[in-house]
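The two complexes that follow have chain A in common; it is paired with chain B in the first and with chain C in the second.
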Partner chain A sequence: MKKLRKKVYIAAGYNTISMGTGRSEFNPKKERPGLEHYIKEAGQATIKQINDAANIDEGVIGNFMAARFNKQANLPGFIPFIDEKLQWKPAISVEGACGSGGLALVTGLKSVLAETADAVLVLGVEVQNTMKAIYGADVLAGAGWYKKRKEGHAYFFPGQFSNRAGAYYEKYGMDYAREGLKRWFVNAMENARLCPTAQEYESKETDLYKLYDKFNPNGANFVDNLTVLDCSKVSDGASSIIMASEEGLIKLGIDKKDAVEIVGWAQVERNITHEPENLTELITIKKAAKEALDSAGLIIDDLGTIETHDCFSIAGILGVEAIGFAEPGKGAQFVADGHTARDGKIPINTTGGLIGWGHPTGATGVHQAVTIWEQLTEKAGDAQIEINPDRPYGMTINMGGDDVTVIAMIYKKAE
Partner chain B sequence: MNYEERLRNVTVMGAAGKMGSGILLLTAIEMADLSLQPENKGKPFCLNAMDLSQEGLAGLLKYLKVQVTKIAEKKIVLLRKMYEDRTDLIENKDMIDQYVFDVISVVRPTIKIESAYESNLIFEAVSENKDLKIKLLSQIDQNNSNSPWFFTNTSSVPINLINDGAKLNGRILGFHFYNPPAVQKLVEVILPNKPANGMEEFAKTYAKNLKKIVVPSNDYAGFIGNGHFMRDALYGITQMNQLTKEYSFTESVYLINKVSQDYLVRPMGIFQLIDYVGIDVVQFIMNVMNPFLKDEDLHSDLLDQMIELGVKGGQHSNGSQKDGFLKYEKGKPVAIYNPKTKAYETIAAFQKKCDIALGKHPNPRVSWKSVIRRKDKNEVFLEFFSTMKSMSDMGAKIGMKYGKRSNEIGRKLVTDHVANSEADVNTVMLTGFFHAYGPINDYFVF
Partner chain C sequence: MKKLRKKVYIAAGYNTISMGTGRSEFNPKKERPGLEHYIKEAGQATIKQINDAANIDEGVIGNFMAARFNKQANLPGFIPFIDEKLQWKPAISVEGACGSGGLALVTGLKSVLAETADAVLVLGVEVQNTMKAIYGADVLAGAGWYKKRKEGHAYFFPGQFSNRAGAYYEKYGMDYAREGLKRWFVNAMENARLCPTAQEYESKETDLYKLYDKFNPNGANFVDNLTVLDCSKVSDGASSIIMASEEGLIKLGIDKKDAVEIVGWAQVERNITHEPENLTELITIKKAAKEALDSAGLIIDDLGTIETHDCFSIAGILGVEAIGFAEPGKGAQFVADGHTARDGKIPINTTGGLIGWGHPTGATGVHQAVTIWEQLTEKAGDAQIEINPDRPYGMTINMGGDDVTVIAMIYKKAE
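Moving on to the complex of A and B:
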């Protein structure tokens, strides 16, 4: 990946609540806000943090499957719906399954780098609670190759990652591995309780370790090697942020102290028609993380916090190994030892990640960027961690499908 | 005739009724699952849904569609295996829709009794009328050359009486589902004196496949479940009558209903349970049972009076509770019927007075909902009822007496040989009535 030819910043981030089971407001039997509500809430909240919507040059919207979840396509048409001053401006929608949000960031970044825009409104959205999970599983299976759907599990993606977990158990031991997965779950829930927009914010379970032990994988009802506690949520939500050049920040009236610079990035694709070569390795994440770090001229020891794509707890563990914090097979130990907890060596997913905060699929990539922006600009409220001045960088890893579409970005507080 | 052959042609009589529709649903699922097995491909499976009501049958198909869809959603992991060879079925939704179609395809709605003349198995779920049952079963048996087996869902009529009346030579068995059959796990199985060969084994396999818990009961009117419930209900009514010396009728109903729920830690109070089952059904079952009982009069003038006044309880077709002794709003009791004024009186008007009269509750944190899933229920109840025993408050005293009576009823079902064991009595009350503890226990021993 080429180095950035100019400085690009993110600012004015916003996350809606991640709505779904776990939130007391959520009632599956009652009518709920639609796709347009979430887009508007997030977009307007970002616009509120700038001087004038008229100064936004274009909009990008990341979304995975509104065409099926909401029977809605042509999402760029919702950008002017956010604010009338965005009427007649360019807008585009991008899709890369659960990596759609990351692709939206990349698209905004490229516009700024190409100097076709100084300020881009980047938004991600997904509203998935329009159908029961058993039918939602069909929709989400679109992140895999359609020819593999027939042989796949009823819960297709839990099935895919259950296979990865099974391979990990076989190689390194099930009890050992599940200790790591358990700690991953506990961290996620504890962090989510610190973030008012998190789906698990209201979680009250007193002994999370005990709760995790109560659930055992059961292939007759779900998948062979994971339980529901190992899975991310079915979520409705949107996130938005401004992507801007230096000139863009000035134009929007954003103080640099409220902005974060993107210092490196990578976007890597794996052939979707191929099975992963090694189930215990997330090779696309590995390549993306390395390329992003290389493009910034950094190593993992420079990172102070990470938001990684834990659609399943096993993806969290394998992600830790792929980024390079642990040797293959040692990720479970690294996590179980508390090194990824908010007070650990490398705090990961400080507001709960996909398991604790939620996973509105097309919004997740943007949500991760907003979270890093909050942490680096000290806007994370109760979830704020202390950023070590010697390790001032943040990283996001957003994944679409089973290690197919991966976007990695490196951030630093603007100077 | 093996299990699968027996289930190739089945009739459910009274299929549009509350019990019949549930029995039809479960049987349709079982038959469809058999038909989908590779070795049965191409073999016809026929389930006659027989009912006199055309309107009922139309509603039945809608009910089946909704229920089978729910069942299919739950067993999707299995369905994906069942439809493994169907290359046209890719997504979960494809398979769920196909399964709903396959199950409903087994069902033949009909108003003609002649449909049962070719069946190997007939489920009878018509009203609790001995003579009607005998007439229908006899007619089918005389016109059916397959020597069919008859499974009756009667909850009160002795099986041998039907067997003898319809001259079935032991080809009848009591297969008593609890309401609603699709949800309740319990089935009481009652054999005639000389059961046909293989019938009991078939019944057990069928129950097992339906994931039901079988409790054998001996052939005494009411069997175990109603044997307990009817006497328990009559005791509640009697105690309520006692209280009317000091309290108004509606206050007395409130007091006994509250004690039988909160102090006995049951899912609902006794008057709410009578409403749930239906005041008319309770009256009817008592009338069926009473002639067979010695030294006991299982009859309530109050129930007769309520029926005369047209207050019947029971459920609406959507499953919501009809008003009976109690009036319900969003499923919760809000008023109580006064037969003298023929009007409901709001509970809120006398609730406080009654609650004060009942005195302290042994432990307000112990409720049916809070303990039903606890593994240490026995310890909780030992402490709870021990506290209750030491209390002199009115509610505690009535509760202890009520629990003791329930205990006596349970034990008598064993000594009268209705049930084979104390465990069977407890299983029926735990699974069929969702009690949190069996009536035969040590909590109420003085």
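Moving on to the complex of A and C:
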């Protein structure tokens, strides 16, 4: 359990559009904006919210696979590309597959705690529409132990989570389980339609429940136990925040009403070479959520909203169980009953999550933090939920690989 | 300038062999140990030096291009693969091209400063003999701005530093300059022959000066202004250290006589999309060396030994000038005069550096720290130098890309 030795805040935030199929701007046949564009857009937009880029002491980039999607590494070198006032300042890039954004948050947090920075620009980015999805699936397989790739499905990661879904169906009943997954999908789409940067913002489908029922898991086309509607998006995008100390907020000219405080966190790693012992449990998420709550001295009932890592709908349901809102096997019911909807007991993924908003892999952890910052400071626009004053805390859960790298963080409106 | 808010030590260290052409164990036609092997060997060997892996709070991996050389990402997941007692603990991977190892040092340092850890396992690794050098050169080009790759040489990075060498020749004279480069090469080989893990340990050449003279820069075979002898090795390898607070040293059961203290550091980033303004100056290294000295309250004459990033011999000479041992243009003379040899004024790269010891890219920054730790605690075996008590400090300079990502650190024997 890691107590925070000083106060750390999120002072600003921004998401680019989550770009990919579904967005009218997206033309897979035309050249699209590259890595450089997304880094610059997200970085500059966040810097615009503070008084002067010179007050930023350091930059962090979270990214998963620019090395293969864009053949580009040495990503710290793009921090001064955002703003010339960042030239000669410290910069770093961090990686933990789809948990890279969460690791970027942790890295910024530690710099403030270490007192080597009073303000850190923390950015996550991924541009993965540079290749077809089937080739991209091989790249994304690097989030698991690549050496065993040959035993896996062509769509490696969907295959992993399809196996988890299959185990859940077997234990608790497929029809029962898919009612929960369906509601997860519907919530995701409905929330995304309220958020202009979401990949599914323009979705026009009138009956989402019916749409979901039209698709049946079919191993011949995709994977055995999930359909493409259970799957997060292939997305290009970047998100960024500025993390700051108390002194940093003042230097940046940010009022506390526009900031959230980070009050707890956890970072938990599972051996990537091990198969999960129990396919129906996300044990690393379970440990991270508990550790983060403990580190903040909070209980689950203190949480008012959550962004959790639904790379697949089944990861959403299993996440609800792992965080502790439902007993094993009861998560599908909890979701089907509407408790995770935006007007439910615990609104989850209020701008659509990875399935509705999109999943630019290395950016996702930062995107989650931006969303919580927006919700707790009432900047979420049409997607704004009402925060129950008795449950004022937000949480993010970001996962890399199949329950391998997990980062949890807890936030409250700054006071 | 970043003052360290508490004492941080290096408590243990280990280098695997730098594996590649030159080593008798290396057979390019047979399957070689993979990424997993090197991570495990280096991690376990360092852990063996402390009382119990359970006392390690966190793990960091520095790596550049496992994504392409090994198709593997989510590297934090290999921390618990080293030792099961690291399961569920925080882990992270960091990247900054060939500066990835130095960024791993910074990350461990910050965790101790942040008081989120009392002991951190910091590891660097690269396994790049998975492809032929010409394909590998395309991978390594990701350390520069890949978008301009098409304008570059087939051997992109050698091309960049060949241009720097060419500019130096033009300004100060080629014959003069190559006398310095020659001595740099000879020092590297002679030092490597004293270190059993060095890639050139088994080198038997009787007249290294003559050997160097046999090669002439020839753009037709390699690059215009450098030969393969001016070039660091293609290497597989891993290095690791354990960083600890004062309390951490006690928990780990490490006596101060076996530890070094980190007394200063700097991390400086140059915009990767900019061409260097002056090809004969490594301005980022210059800034980093000065900042690190300033942060420790030291001057250059306090330094007794240095590990600097000689990815090419010209980077060694320019590094000597950038650190401040010689005026612009005088570095070649300084080196040719033997001042950087192991019995010189300022012994540099005492186990061979990147040209003699080897350059497993993501591991190099950590390897440099291991070497300084060994020298200052008298564990360097046949490569041991005598540390002048009036100049008791060691420094490491690790660079990613063409003077883009630079990390400098200063050490002294713990007291």
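Just so we're on the same page, the second predicted complex is superposed on the first by the 415 of 415 C-alpha atoms of A that agree within 3 Å, B and C clash if a C-alpha of one lies under 4 Å from a C-alpha of the other, contacts with A are read in each partner's own complex, and residues count from 1 in each chain.
Definition applied: a residue touches a chain if its C-beta (ideal position, glycine included) is under 8 Å from a C-beta of that chain, and two chains touch if they have at least 3 such contacts.
Note that the structure is predicted; figures quoted are calculated from it, not measured.
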Requested in this report: Using the touch definition from the top, say if A:111 reaches chain B (first), chain C (second), both or neither.
Outcome: second
**Report entry** Comparing the two partners chain B and chain C, which touches a greater set of residues in chain A
**Finding:** C
Query raised in the report: Thinking of the overlay built on chain A, is A:154 touched by chain B (first), by chain C (second), by both, or by neither?
Result: first
Query raised in the report: Touch check for A:238: first (chain B), second (chain C), both, or neither?
Result: neither
Query raised in the report: When the two structures are overlaid on chain A, which partner does A:303 contact: first (chain B), second (chain C), both, or neither?
Result: neither
Report task. Determine where on chain A the residues touched by chain B overlap those touched by chain C, and list them. Result -> 138, 141, 149
Requested in this report: Could you please specify the touching residues of chain B with respect to chain A in the complex?
Outcome: 73, 76-77, 79-80, 87, 90-93, 96
Report summary line: The chain A residues in contact with chain B across the complex are 132, 134-135, 137-138, 141, 149-150, 153-154, 219-222
Report summary line: In their shared complex, chain A is touched by residues of chain C numbered 2, 5, 34, 36, 59, 64-65, 67-68, 70-81, 84, 86-97, 99, 103, 106-107, 109-111, 113-116, 138, 141-147, 149, 267-273, 284, 287, 400-401, 404-405
